[in-house]
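Below, chain A partners chain B and then partners chain C, in two separate complexes.
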Partner chain A sequence: MRTETRNEALWKFGAYIFLMVIVVLVLIPLYWMIVAATIPQSEFFSWPPRIIPGLQWFDNFQALQENIDFLNSMWNSIIISVSYTALSLVLCSMAGFAFAKYEFRFKEPLFYFILATLVLPIQLLIIPLFLLMVQIGWTNSYLAVILPWAANPLGIFLMRQNMKAIPDSLLESARMDGATEFQLYYKIALPTMLPSLAALSIILFLNQWQAFLYPLVILQDPQMYTIPLALAELVGQQRVYFDQIMVATSLAVTPIFVVFLTMQQYFIKGILSGSVKQ
Partner chain B sequence: MALSAIRSRVRSLEAYQQLSDRVRYTRQDISAGIPEIPWLPYAYISPFFILFGIFLLFPTAYTLYLSFFNYLGVANEVLLSVTMGPVTVSIPQIANLEFVGLSHYERLVFRDGLFHTSLFNTAFIFLVQVPLMVSVGLATAVVLDSKFIRAKGLFRTLIALPVATGLVAYSTIFLLLFNDQAGLINYVLVQLGLSPVAWLGSAWGARMTIVLAVTWRWLGYNMIILLAGLQTVPEQLYEAAEIDGAGRWQKFRYVTLPQIQPVLLFVVVSSTIGTFQIFSEPYIITGGGPSNATITVVQYIYNQAFLQLNLGYASAVSVLLVIIVSAMSIVQIQYGGEE
Partner chain C sequence: MATIDITKLRKEFGDDGEQIVAVDDFNLTIRDGEFLVFVGPSGCGKTTTLRCIAGLEDVTSGTIEFDGRDVTDQRARERDVAMVFQNYALYPHMTVRKNIAFPLRLSTKQSSAEIDEQVEDVADLLGIGTLLEQKPRELSGGQQQRVALGRAIIRDPEVFLMDEPLSNLDAKLRSKMRTELQELQSELDVTTAYVTHDQTEAMAMGDRIAVLNGGELQQVGTASEVYRSPTNEFVASFIGSPSINLFTAEVSGTTLSGPGGFEYTLEDGSLVTGRESVRMGIRPEDMRLEAGGAVPSTVTVVEQMGNENFLYAEMGDIDITARIESVMNPEEGTDVEFGFDESDLYLFDVNTSEALKTKTGETDVAYEKYIGETT
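Let's turn to the complex of A and B:
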């Protein structure tokens, strides 16, 4: 009995140590980002390396801004990600509503057809999209980045699954009260769907915020660069300024960290809903 | 007399009531589902399907088509011209192409050494990274799911933090961490009395850097999914196993693993698909080097298509990659999904 409790205590101790190690390994790169963003580059290459953050963040930021217009890239990223999320939410929730609450011809085949395209990887689409955008003269435009994945198969799937839970009687009584069909969508269905909409917007926003390969192909004018493209530009320069890169990286990840920490339940809902494919 | 008249009135009133109820129910039955405006559902789905058709279906089909052609340049000719009264709609040809049949595929499979290298690199990352990440992720999830752990939410939040970092952003951090001269990793190794490793300067070091970076980024993501799976395992199963005298390991092996098998399979399949699409990490951290030791298949597609403008050939690589990944997923589902 005594050895059992001792084993138990050892096990608990070991479990905490294991979790601590994982947490430390996860946090080190983020901590290192803060250190490198707040000290001058010269000190960074000293040996031993500095491991305590400095106060140089703003100076490094100014150097970054003189090197490349990073604020402009942030602005581009915000415009593209916000409009993409808004557009995709409208498209997916409207189509999802129809698939969940109406009967119409070819409903099932159409839906399963969309589901089948969930597995298509992005690199299968990039070459034709590039040719298409060149042909219609849309390279270096916001629209060329916003439109292609707005009709998002995962989005329509999530919306339909969740909208099925809206009771028919609720819609019926709204009809009796004289609501138009369109009001059923935006006055009844949408408000009851807010948690799912929040989860979906986080997935969509994050995907667009960190999108790299497709914007790299489509946006060639530095004025149009999004954050990932600006970062790649910095990494590819003749002389690599780690202090500037880390300032830029900290600016890229901080907004998302804030969203993650404040809206964690929707974040997790989003991750999980993407994983429960039936 | 008066009484029977009232009775018959009441009876007919009841009959009317019943009839009107039935009419109402029938109408409700019909109207639930069937819209009053027949075209309404189509109006709801058409914006989605228009974009879906232009930007998803068409490109997919066109990639397949393109893989049988050589790309010669931008086209100026008109592919299709339809005149409808005063309006003429003309669709320009999308590219100037030359038919080459299956020769792209023949070259890819038998003669393209760099493609084989990229496939090998990607397969290496897959073979090391997925088992490493899934086993550490599962261990973390199981420990975190233990009843005695306090501050579960805090641990989960901290471990899941990398989920919120963009792919290029976290790659730049790893570029810095694994810097051969000034990186923190080599500093720690030296402090521990070990010799520094040429992480980015050697083939195996560079591959391991990519493996560790990807593991860092996706560990928390997979842990969240596995944790959700663990929470669905019924408590009674563990109690029954305890009564049978099962130890900690036996409970894990004979209760937990079989119960979360579908979730585990999902994690493995989606991680497989993910690793075969790696692009940002080698592009930022290693640039595909040293001497193509970390060039991945998607990076090869990018180089062929957009640096050398071999768009037809790159399309063939894309199609082949989709075939390989689908085949692997099917094998995994067949092998891991036995019920």
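Let's turn to the complex of A and C:
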């Protein structure tokens, strides 16, 4: 008994050490990013490297803003990512609900068709999509970036899998209580799916926040650039603006933290428990 | 409140040529304010019938009418029917208060204050007034059951449907809820259709019982009717616990002879005239230990219930059961003989299984007469 608890304690100790090493490894680049954003570029490659943040952040930011109008790009990124995430959540959850809980003709083939589109690489779709956007005159618009990917196959798949866990009797009960089919979706299915929706929203937001290739093709006007496109501007043939890049990236990660922290509260375990007696 | 008329109901499941008929040629009238119990083995179509009444299943053919109003093609939410599900189906993200208020919020334009008042009335009626702010997962099984009932009651529907609502409760709570449900139903006086596989529950609760088998309605009647006068062998064997002893007997004249040396001469031989064989049924409670009785058998097991004993025995290759007094404890292997009264005997057609003879004799004996007889 005694040795067992001692062994357990040792295991726990070892596990914590291991986890802390991982945490440090993850945090080092982030910390370096913050340090680098606050020092002049001349000190970038000094040896030993600087570990104390400097006072240059505001100067670096000013240079960045003059160089590429970073705040405008941030605004573009926020509008695109937030509206994309919201729209995609609605579409994916609706489609997932239909695939999980309704019977209709060609349901299975349609679902596998949607899954199959997951294997198409983005490079394959870029040219046809670009031509389409040119035809309908949507180049350099938010819509052109948001709409083509809004019905996200991965999101539909995730929502379908999770919504299958909603007991049929729960929906039938609501039907008998007088709910319309749409009310089933937003009064019963959505609230019970909050954890999945939160997880999916992080995935969707990150995807769009980091998207580079497709926005690069569709958005040619620098006024419409998202953050990844603006950052690319800082890597010139003659010179790389490391100080400005570091300021920009340190700012660019903040919305991701915000999204993570807001969504975290919805990761409630077992939200469906207690609804039906097994 | 409503009278429910079900006419020629048929429900098939499956497609691509493989049809399963769940309910076939089903005709039944559930009277206004009646508590009717559907009972039968699993897969007999009782739940499907209930779901057709609810509007959760489309019928293949036939009609369902509430008070003469054809609801066959109406959706569940248009029928003014409330249902309690076997697994309660409470909305997990809502408090008890919101769960119970949900139907009212959807179907009426009452103000929040009015709805709150009704929710509290219903909760008090069910004894869950103190639980209103809790979530379903914080409740016990019995409390969840009451919330589910509350959600059904609050709408004051025309029809209550209950799909094995007590089957998830432990035995003690189940019998308590059984009584509460009956009281509640008679108080509210709402037409109720109740599904169970438990014949004891059916007998105890129903004003009338509808016995189903293989998607077909076998018999509708009061507990006493289905017990005493089953229309066929299935109803006789399904109703009653322990179940009726059944075996085939050869007929010669008015004498019936069966396995293991069974022999009995009928006083009224006209019932078996012209038949070569007949199915016989004797209920365990009608068997009595009797020297020289018609049923010779060998004891296999005696189960002691305290107030009585169940005696399991073999008559030839037939297993028979008898309810005997608790003082009788014959050992395994003892040869015993049972007798019975002809008035308690059931006879069924060998081919059609239809009843030829069921229990006869008085049923509703007046108290004074009964007292007079026994004292």
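By definition in this document, the second predicted complex is superposed on the first by the 214 of 278 C-alpha atoms of A that agree within 3 Å, B and C clash if a C-alpha of one lies under 4 Å from a C-alpha of the other, contacts with A are read in each partner's own complex, and residues count from 1 in each chain.
Everything that follows uses one rule, which is that a contact is a pair of C-beta atoms (placed from the backbone, for glycine too) under 8 Å apart; a residue touches a chain by one contact, two chains touch by 3 or more.
Small disclaimer: the values here were computed from a predicted structure and weren't measured.
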Contacts of A:170 with chain B and chain C, given as first, second, both or neither: second
Contacts of A:191 with chain B and chain C, given as first, second, both or neither: second
Larger contact residue set on chain A - chain B or chain C: B
First, second, both or neither for A:183, with chain B first and chain C second: second
Doubly contacted chain A residues - partners chain C and chain B: 172, 175, 271-272, 275, 277
Touching residues on chain C, where the partner in the complex is chain A: 54-56, 75-77, 81-83, 85-93, 102-103, 106-107, 135-139, 141, 144, 151, 155, 168
Chain A partner contacts - residues on chain B that touch it in the complex: 28, 31-37, 40-42, 44-45, 47-52, 55-60, 62-63, 66, 74-75, 92, 94-95, 136, 139-140, 143-144, 146, 148-149, 155, 157-170, 172-177, 179, 181-182, 184, 187, 191, 216, 219-221, 224-225, 228, 248, 263, 266, 270, 273, 277, 279-280, 283-284, 298, 301-302, 305-306, 311, 314-315, 318-319, 321-322, 325-326, 329
Chain B-facing residues of chain A, complex: 11-12, 15-16, 18-19, 22-23, 25-30, 32-33, 36, 44-45, 47-49, 51, 90-92, 94-95, 97-99, 101-104, 107, 110, 114, 117, 119-132, 134-135, 147-151, 153, 156, 168, 171-172, 175, 181, 185, 206, 209-210, 212-213, 216-217, 227-228, 231-232, 234-235, 242, 245-246, 248-249, 252-253, 256-257, 259-261, 264, 267-268, 271-272, 275, 277
Touching residues (chain side chain A, partner chain C) in the complex: 167, 169-170, 172-180, 183, 188, 191-192, 194, 270-278
